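Next come two complexes, and both contain chain A; in the first it sits with chain B, in the second with chain C.
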Partner chain A sequence: MAATLTTKAPAPPRKLLASRRTRAGVLYALPVVVYLLVLFVYPIFSTLFLSLKNANGSFTLHWYAEALTGVNLSVLITTLRISAETALLSLVFGFLLANAISRLKPVWAALAMLIVVVPHFISALVRTYGWIILLGDKGLVNETLAAMSVPGAPFQLLYNELGVVIGTTSMMLPYTVLLLYGVMRGVDRRLLAAASSMGAGRVTIFRRIYLPLVAPGLASAGLLSFILSLGYYITPALMGGPNQTMIATLINQQVTKENQWNGAAAQGVILLLLTLAGLLLVKLVSSLGASRRKRSAS
Partner chain B sequence: MAEFGIAAPSVTPAGGTRTTATGKALSVVALRKTYGDVVAVDEASMEIAAGEFVTFLGASGSGKTTTLMMIAGFCEPDSGTITVGDRDVTRLAPQKRNLGFVFQQYLLFPHMTVSENVAFPLTLRGVPKDEIRRRVGETLEIAGLSGFGGRKPRELSGGQQQRVALCRALVYRPPVILMDEPLGALDKKLRDQLQVEIKTIQQELGLTVIYVTHDQEEALVMSDRIAVMRNGLIEQFDTPRELFERPRTPFVADFLGAANFLPGRIEQHTDEHTLVRLDNSGGLIKARRHDLVSGTEVKIAVQPGRLRACAPDDGFCTGTVETATYVGTLVRAGVRVDGGDAPLLRLEVPAGRGPVTGERIGITADPDDINLFPTEQAG
Partner chain C sequence: MMQLRSTIAGRIALTAIATVILVFLALPIVVILVTSFSNNAFASFPPEAWTLNWYKALFADGSKWPAALSLSAFVACLSTVFSLIIAVTAATALTRSELPLRSAVYALVLGPLLIPQIVTALGLFLLFEPAAMLGSPIAIALGHTVLASPIAVLILIATLRGIDERLEDAAASMGANRLTIARRITFPLAAPGMIAAAIFSFITSFDEFYISQFLSSVDTVTLPVQVYNSLTFDIDPSVTAVSAILIAFAVLALGLVALVRWLGSGRQNSLLSVENTVGVATPGGEAV
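On to the complex of A and B.
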């Protein structure tokens, strides 16, 4: 009884305080909620509605059917392929770069990171034109190769898939290097020494200790560059040919040239779903790996 | 945590290359390492028998860890040789030495379970899966970790993690296991417990262990022999008893026994004893027979526990009790000796009839407990 009495007595003021806190909380959260509603929820849903609307305003899946057939489908597949290639290449180069940088002394590592990251702050347009100058028929790369009389030079390095992938990979590299460098710096080097004390050679240590420890970073870096490439616009548009049209370019064409907002909206939704699917996939793979490890251990 | 019981003989992990309990496990000859002008290890030489528990004891910077790292292969010596069994490993990479190493920071692989961690060195050696499972199970059982195999290292306490690290280092039965302050990161109580556990496992399995610590008590509790190191030199390499009772240098006497030092001069020798005239009190003290010539300036060294209180003027010196601290079974007393520059002697006497502050007492000791060092050797 005494317990209930003592808890009852201070209850009203506490409740008051709690409600006041809640009210204050709502007030504080309001800007964020409004921000999200106006700039995030509303555009997404209006795009969704747009993509499901007929010319006369009734419901239809016509725009999705159109987006997933013919040329549009091949553009979608090209987008996925180029994004995958970009993700893979930026992972490989990012891994090599980050690994090298993580072995440097802190001062040199900071300088190297600066060199990797600074180009990111330059306009993508400028960087893309830079690549175009470098990779053109009379560009530095081909001129050098020709001067060394490499057979076949000059090579076609622009306005094809190679050109696009070179361009997008270079755009993604800062992200992958930053992500991987952070993970690699977090790996305790003494673990590698411990493995060698037990008789593990360099290859074994890399495969069984180092790689698993940086794997989460590899997954997120790969995913990030894949997702970013999916919606990439400038570089594929400027460095690719007609066969390298990517979905962002297509959306742009539909809106600006054909005034076809509904089709563009459907493709936008598909792009969004692909991105979400990518996120889900990585989540699935990592949790699957974890449960497999757990099973094999018990 | 379950206490570690003496394992039944049947759970001794079967090992392929277990060295016999006799013979030489490891030897180090004239090992030297310098960093710039600093000599980290200076011509260290020692031979360690199979089944022996050897400790490198010293303060930080004494060269004990550097010596261990050179044996492990993490650090290359400037000169000297390291032999494991009959194999010269001086210039071999760590992974080719087939030694075990237990680190202070455990260094378990965080992405592997306890079982996988312990199995790791066995998988490197191409041991069949069934045997790996059996040996991992046995080893974990010895360390009292049965049932923890499926856990991740981060789910274990520090003491448990270090037990896993120990399992991982001994599961493949390396001829020598090196341990670098393995209990340094644990609290006192756990440290005491693990000292006993490690020692028991070592004896049970006949492991050869080289252990590094700066903790004298830990070294005394665990070791068959201790190498006391200072400034890159091995001051003395001996059994704990010898180090304690027959220190070869004043440093060892001080470091291990916290000895009292008194200056004096050798007066004469008898058949069994050497008589030393103390500088400050002028008293004569009988010490163990020593080969120094009469007239040599010496320091006598005697541990607090080996001094006895007696009636004033009966001992080799007399003084006033300045402090008397009751510490359970003992009384620790500080006695200001009469005359000269009046040194303070530290005594540990049984609590029963302990001296009290202000009391005048004589101090005596058994001649066998008194060590002499020529003064120029004093450090």
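On to the complex of A and C.
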């Protein structure tokens, strides 16, 4: 009896335990899944349906045609242009800063990271307001430039594209710095030392060893700040002029001022598709980077 | 990059560039803190004279700020409770059990962090408008939870992964039932992570603008929406004081997280390591 128990016992309890763990998992996952299906996924699908519906409920592509012509098209192009400019600038500044921080002593690096991370948790509205104070005609920047008697000062730094790009870049910079810092910390410094020992110059080491190693990280960081800028609203609305209207501003106007929900829905879907395309690219780049890392390790 | 042979000139140049970029990041915040005490609240820097008038004006009769502040605080508390309930269960499911479609659930949780917030806000508007729930603090809190809960889930996943599961197994082998294990082992070890998750949920809701703007009505205006309105429509100088208070609040909250992390590090290391916090600050960090 005892012998049969010991030979037979292990299988059923383990199965029982596994199914119990599965049941517990499903039960525990239920709140988050139900919540996000009802309040996140379903609303997005209803946005999609609304963008494809006529006033009388029949299927139409009219709202997309409208969103991709005339003024709306130029808003979309402006959105892409400002996002690209922001991504490029935050990538360059992010690279320089992350590089400098990765070479600092730990105490200074921690302090610098604090200055990068803390603003990220302060409301974007507040930081935008700070820029408005700084960049005004009588703001610190123009006063300083005038005091240094720079020709042409005071400059128009607000309510134009320069103002918007300054603002959005400062919002995206923490993301690129954090991402690139992580990538740079992961670079095996022995590779650089090895190249140097074989007589490679600084430029060659940078171009042939360092840059290829951080390239996937650079691409991801640039893409990510581009994607995040696409749907940005606060800074362009407050620091831009009429020529810097971005797609999020348009969506907001159509809903709150013009009651044009279908048009807003179509623009929301276009923004969503652009974002998803960008995320797919990030995924592609990171898997490319992973395979390259594997190859260099082997 | 090349520590081995970096020249002094190169080091100085790099340090100078880094300093300029750090100033670029910190300056908008410093300028608000200084201007909030200046007697000329509009875009004049540095101030000529100092005053506390803007702070006093916040609580003067007829000021809109106290109502906006209390609404935001109420909504943020509600949203924190919702997102903690969701996050504790979700993180347990994702770390401590067999879950079919695990990666699909994970992707669903990351979704709100990656999708533009204006799209989420538009969808919520289309959901709550027919239900005549525009302007309801509950609707705003439910909406904020969509953004706050993924952050809380990520923090708690990191927390639970950091707890040695063998401690729980050991308790079980000595006859503790599941409730006892949760109460005596897991909860005390996860407490710092739960506090951090609560604080980040609160800040997320408190600072949230897009959803609040779409779901607010004339009577229910949250603090960020009121700040935005003050900057665009009615010019109200006390907005600098509000902004300064918001900055102080955010710094205080981050300090609290750091403190909890420091206190918790005595129980078990790396419950809330820098990497975890950095991961939270970087949506899509998982994909990189």
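Operating definition for what follows: the second predicted complex is superposed on the first by the 255 of 298 C-alpha atoms of A that agree within 3 Å, B and C clash if a C-alpha of one lies under 4 Å from a C-alpha of the other, contacts with A are read in each partner's own complex, and residues count from 1 in each chain.
Everything below uses one rule, namely that a residue touches a chain if its C-beta (ideal position, glycine included) is under 8 Å from a C-beta of that chain, and two chains touch if they have at least 3 such contacts.
These numbers were taken from a predicted model, which means no experiment stands behind them.
After superposition onto chain A, the partners chain B and chain C occupy separate space and fit alongside each other. The wider contact with chain A, measured as residues touched, comes from C rather than the other of chain B and chain C. Contacts of A:179 after superposition: chain C is touched, whereas chain B is not reached. When the two complexes are overlaid on their common chain A, residue A:194 makes contact with chain B while staying clear of chain C. Residue contacts after overlaying the shared chain place A:100 against chain C, while chain B stays out of touching range. Once the two complexes are laid over each other on the shared chain, residue contacts for A:204 go to chain B alone; chain C is not touched. When the shared chain is aligned, no partner comes close enough to touch A:257: not chain B, not chain C. Between chain B and chain C, the smallest C-alpha to C-alpha distance in the superposed model amounts to 7 Å.
On chain A, the patch touched by chain B and the patch touched by chain C overlap at residues 193, 196.
Remark: chain A residues 18, 21-22, 24-33, 35-37, 39-44, 46-47, 50, 93, 96-97, 99-103, 112-113, 115-134, 136-140, 143, 170, 173-175, 178-179, 182-184, 187, 189, 192-193, 196, 202, 205-206, 210, 217, 220-221, 224, 227-228, 230-231, 233-234, 237-238, 248, 251-252, 255-256, 261, 264-265, 268, 271-272, 275, 279, 282-283, 286 touch chain C in the complex. On the chain A side of its complex with chain B, the touching residues are 188, 190-191, 193-201, 204, 208-209, 212-213, 293-294, 297-298. The part of chain B that touches chain A in the complex is made up of residues 72-74, 93-96, 98-101, 103, 105, 107, 109-111, 113, 115-116, 120-121, 124-125, 149-150, 168-169, 172. Those residues of chain C lying in contact with chain A across their complex are 1-6, 11, 14-15, 17-18, 21-22, 24-32, 35, 43-46, 85-87, 89-90, 92-94, 96-100, 105, 108-109, 111-112, 114-120, 122-127, 142-143, 145-146, 149, 153, 203, 207, 209-210, 213-214, 224, 227-228, 231-232, 239-240, 243, 246-247, 250-251, 253-254, 274, 277-278, 281-285, 287-288.
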